[in-house]
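Just passing along the structure, written as structure tokens.
Naming follows writing order (A, B, C and D), and every chain is counted from residue 1.
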Amino acid sequence: MARVVVDVVMKPEILDPQGQAILNALGRLGVAGVSSVRQGKHFELEVDDSVDDGTLAHVADTLLANPVIEDFTIRR
Amino acid sequence: MARVVVDVVMKPEILDPQGQAILNALGRLGVAGVSSVRQGKHFELEVDDSVDDGTLAHVADTLLANPVIEDFTIRR
Amino acid sequence: MTFPGSLDDRDALRAVRLAGAEPVPLWHGEKWLSDVQAVVLPGGFSYGDYLRCGAIARFSPAMESIIDGANKGMPVLGICNGFQVLCEAHLLPGALIRNDHRKFVCRDQRLRIENVDTPWTSLYRPGEEILIPLKNGEGGYVADHRTLDELEGEGRVVARYLGDNPNGSYRDIAGISNKAGNVVGLMPHPEHAIEDLTGPSTDGLTFFASVLTSLVGQA
Amino acid sequence: MSEYVVDTIEAAAADPDAEQPFKQLGLAPEEYQRIKDILGRRPTGSELAMYSVMWSEHCSYKSSKVHLRQFGDKVPAAAKDILLVGMGENAGVVDVGQGLAVTFKIESHNHPSYVEPHQGAATGVGGIVRDILTMGARPVAVMDALRFGPADAPDTARVLPGVVAGVGGYGNCLGLPNIGGELSFDRSYLGNPLVNALCVGVLPADGIKLAKADGPGSHVVLFGARTGGDGIGGASVLASASFEAEGERKRPAVQVGDPFAEKVLIECCLEIFGADLVTGIQDLGAAGLSCATTELAAAGTGGMDVDLDRAPLRDETLVPEEILMSESQERMMAVVAPDKLEAFMAICAKWEVTATVIGTVTDTGRLVMRWHGETIVDVPPRTLAHEGPVYERPIRRPYDQDALNGEHGNGLPRPKNGEQLRATALKLVGSPNLADKSWVTDQYDRYVLGNTVLAQPEDSGMIRLVEAADGGRQLGIALAVDGNGRYTRLDPYAGAQLALAEAYRNVATTGARPLAVTNCLNFGSPEDPAVMWQFAEAVRGLADGCQQLGIPVTGGNVSFYNQTGTTAILPTPVIGVLGVIDDVERRTSQAFVGDGAQLYLLGDTADEFGGSEWADVAHGFLGGRPPKVDLAREQLLADILINASRDGLIDAAHDLSDGGLFQAVAESCLRGDAGVRLIVPEGIDPFVFLFAESAGRAVVAVPRSEEVRFTDMCTARGLPAQRIGVLDILESAIEVQGQFRIPLSELRVAWSRTLPELFG
């Protein structure tokens, strides 16, 4: 049994309204020095050792991320 | 300039309907061996070196996460 | 077609009925076999819109039949959540993301119908302006520039928002079609503009009347 | 670290004097003693948990019960025929004809919404929708009455957007149109916002479901979401009493709603009801399993055996005390006859709803629960569900009440000329309480289900119940919710009646006949005699008012302890009125349309500014007396409005309330995008004419062709109707002759920019 983390982020060319809103809020809060914020998704899966990397990639590629607009990384 | 990653996850005792829905979907897709899924948020910030850890923690605690229901981790 | 969490399914049935066709309720769990001639994927929050809108519904058994039918030319209309499902299923290009103002928005929206060559829009006049409800939280249409150029170049933008862009959709896109034109996705809700009593207009009925006419014409 | 040891009946007998944390659980020493007397021994930990939640203020209504009885005692004779289910069940049910019944109720979720606005409000909507579903009804619409601190307070910027997103997020995801509500601001709600949610549902008149466990041998089925450690703040003392220093046992501070789970639960239940598969059903809300099991058992054959360890858990570390107190959302409990269980389970499987048989109905008169074979609960269920403590709390008129009423504010400077009146008009329409609410309501789906005939900003929300083709009559219902904390502070008896009158008037204005009432009573601490006086007066006012108007109270909810420190909120009864309309095609909108239509002001206008918007906005002043209540006049006005609607005598109607005539005319003009020319009638001060808040009034637009018929009707019935102007589509302005003129474009900006500027 292991914990697998999948992080999904919008492709850089797609506008990220949520990240943009956070960036604006930082300005209002008076926090200086942050030049960009992107918001993505973070998944934590409890996975049996029998599940191989191929299966995980498949899950990330078809379900957890939408490859049309998103990229993902898997950490095992 | 450095990339800082903040991951925000629901506290373990709080219901995570999205994670649950994904887990059920995995079952229907015939993916075996995943026993739990939790969905959180993933932030990537471009941060000036002048921004210290205290500031980052403050940002995470007040803006990126809702500390009533979520925990966060910061990776610099 | 009803997925768990579909909401405007009854309204789609009503719209089909008022257009004079016979509505048939379909259930996501069944690879549908009945001989329907066109399908509406309704609005709503299938699977709660969890993960991404439409991301889970697109794996429903019935979607296999839909994809199959769509590839063979059957008219398919995805409204709102249905549009999201069609994008997730790659029957339509691009994706729909959270509104740029990050709030759900429900309002009466003016649109321009730009493509009247689809079975769903054939009875509109080219460039006709209509008023129908819009209600969504994740209605921002996005795609890469190449795709957008292609959509515009091939005349596949079915409808565009007029006035303020309500959700940040690229190039004010409200609806698109596939290459063949039989599959159409639309963010606003024509099925809620079919009666004076309940809608802002009856402009939406033409979508359903169009498809009926197209099908009758074929037969 | 000591192991948790489950407390059993045997253990309770063996160790009768064990100390128990009843105080931490909120039980008074006398209450604890009464439990011992009932059981003839000390309660087990599980029993103590159950009594503590069932005898809490929230579940037992121990401070309010003696007052609420009036609603039942004063049910108007005429209303008895339509009242299919009265107070006491999950929600009241009224007969609306054509074989249909309607159930509706309003409930508060104030405290959770302050802690976590989004989830607090969301679960508030979820809870009230389950109440309606439980009656056997399909929920068809929701409404929300919201109150916050000052609009420009920093904490309001935290709470309001979250609450609105929560109400919208949950309701939209359930596919329930939001057809109206309230939004207002006052300093007293800063540390204690009010989030009251209403749901209305429709069912066949012979399809009512009740919360009773009938028929020994029937199965008790728990279905829906799994049970987690939600909302069990209190129970943790029970668990920790034996857990000592274990730090691992984290329990959620707030509950997260799962609207998708609720949506499938609704569809699943409706399919089950349609197939007639349950004998009784109960939703799990406050007090969760404790409440559901005891109420079902108490109302039915009388007994129930439950194997608590069969309840599906989200968190396996939960102990029985916690399972019994858990308030996890999206759960239901059904009583199912043995021969129907298979069909029941099949429908649950279709909707992927987890369903588990956890017990059986018995005729022993005892509710018995086991945990891994050991008996942990053995109680007479009625003693929890119906025979809780009842208090006659001390009542005292607030010491400052006379002073408050005496400071009538007649000396406050008033606008004196056209220019000053114009400035006042613009300032009022843009004040947060009167400004355009679309920033809020645009986040709510009002179209879904395709039966919304009227929604915000109309005076009432209206839903079509029966679709008819080709001009057939389409039966519908209308609903409005209203409350006014300032009026109620000045005079709680009158304030409650004014809220009732306003909701009643709002329903009639759209053409529907008022039929029944629900209410949510938001007050401070019942232990404060001054608050208790406000409460008692408000209840008496409401009960008397309903009796006089001939419409029964069918249900509601009491929310006490709304205070910041020891300072209570303004006493805020929120009243919902349900009306019925034979044909929704005949409805009346507030939008001014129809060029040349004559404007009539119905009712009497007096120099009444106590508790008014003007006094608040212009002077921050609260004092004097609220507007006079005349319920006979309200009835007459309602009659005229309903008849005029039905007979097509009017093009538009809008009731007058906060902000007075100018506000109503402004809203109707902006809605219809039409200008008007107003004439201040002889003998009335223009300021009073434009801004007084006298009750029992409405403004109507009468087409010239119907003018004689309409005025004849008013004259014959004795309702004052004064011609005050004319609709002028080309003008695109409100012109008050001899005083001022405001172009609609300027008015629209002043009215609509306030909330977006505040909340983004």
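FYI, contacts are C-beta pairs under 8 Å (C-beta built on N, C-alpha and C of every residue); 3 or more make two chains touch, one makes a residue touch a chain.
Every value quoted in this text rests on a predicted model; they were computed, and no experiment measured them.
Novice: Between chain pairs C-D and B-C, which one is joined by a greater number of C-beta pairs in contact?
Specialist: Most contacts of the two pairs: C-D.
Novice: Rounded to the nearest whole Å, what is the centre-to-centre distance of chain C and chain D, using the mean of the C-alpha atoms as each centre?
Specialist: Computed value for the inter-centroid distance: 36 Å.
Novice: From the C-alpha centre of chain A to that of chain B, how far is it in Å?
Specialist: 9
Novice: Between chain A and chain D, tell me the centre distance in angstrom, where each centre is the average of that chain's C-alpha atoms.
Specialist: One centre to the other, that is 40 Å.
Novice: Report the inter-centroid distance (CA atoms only) between chain B and chain C in whole Å.
Specialist: 33
Novice: Tell me, which residues of chain B touch at least two other chains?
Specialist: Only 17, 21-22, 25, 29, 39 qualify.
Novice: I need the residues of chain C touching at least two other chains; which ones are they?
Specialist: Chain C, residues with two or more chain partners: 47-48, 50-51, 56, 59.
Novice: At least two partner chains per residue is the criterion; list those residues in chain D.
Specialist: Counting only residues that touch two or more other chains, chain D contributes 258, 260-261, 352.
Novice: Can you give me every chain pair that touches, using the contact definition above?
Specialist: A-B, A-C, B-C, B-D, C-D
Novice: State the interface residues of chain A toward chain B in the complex, per the touch definition above.
Specialist: 1, 7-9, 19, 22, 25-26, 29, 31-48, 50-51, 55, 58-59, 62-64
Novice: Spell out the residues on chain C that touch chain B in their complex, using ranges where they run on.
Specialist: Touch list, chain C to chain B: 47-48, 50-51, 56, 59.
Novice: Please name which positions on chain B make contact with chain C in the complex.
Specialist: 17-18, 21-22, 25, 28-29, 39
Novice: Using the touch rule from the top, collect the residues of chain D that touch chain C in their complex.
Specialist: Against chain C, chain D makes touches at 165, 168-169, 172-175, 258-261, 263-264, 267, 350-352, 441-453, 464, 467, 474, 584-585.
Novice: Which part of chain C faces chain A closely enough to touch in the complex?
Specialist: 51-52, 55-56, 59, 87-88, 90, 93-95, 97-102, 140, 142-145, 168
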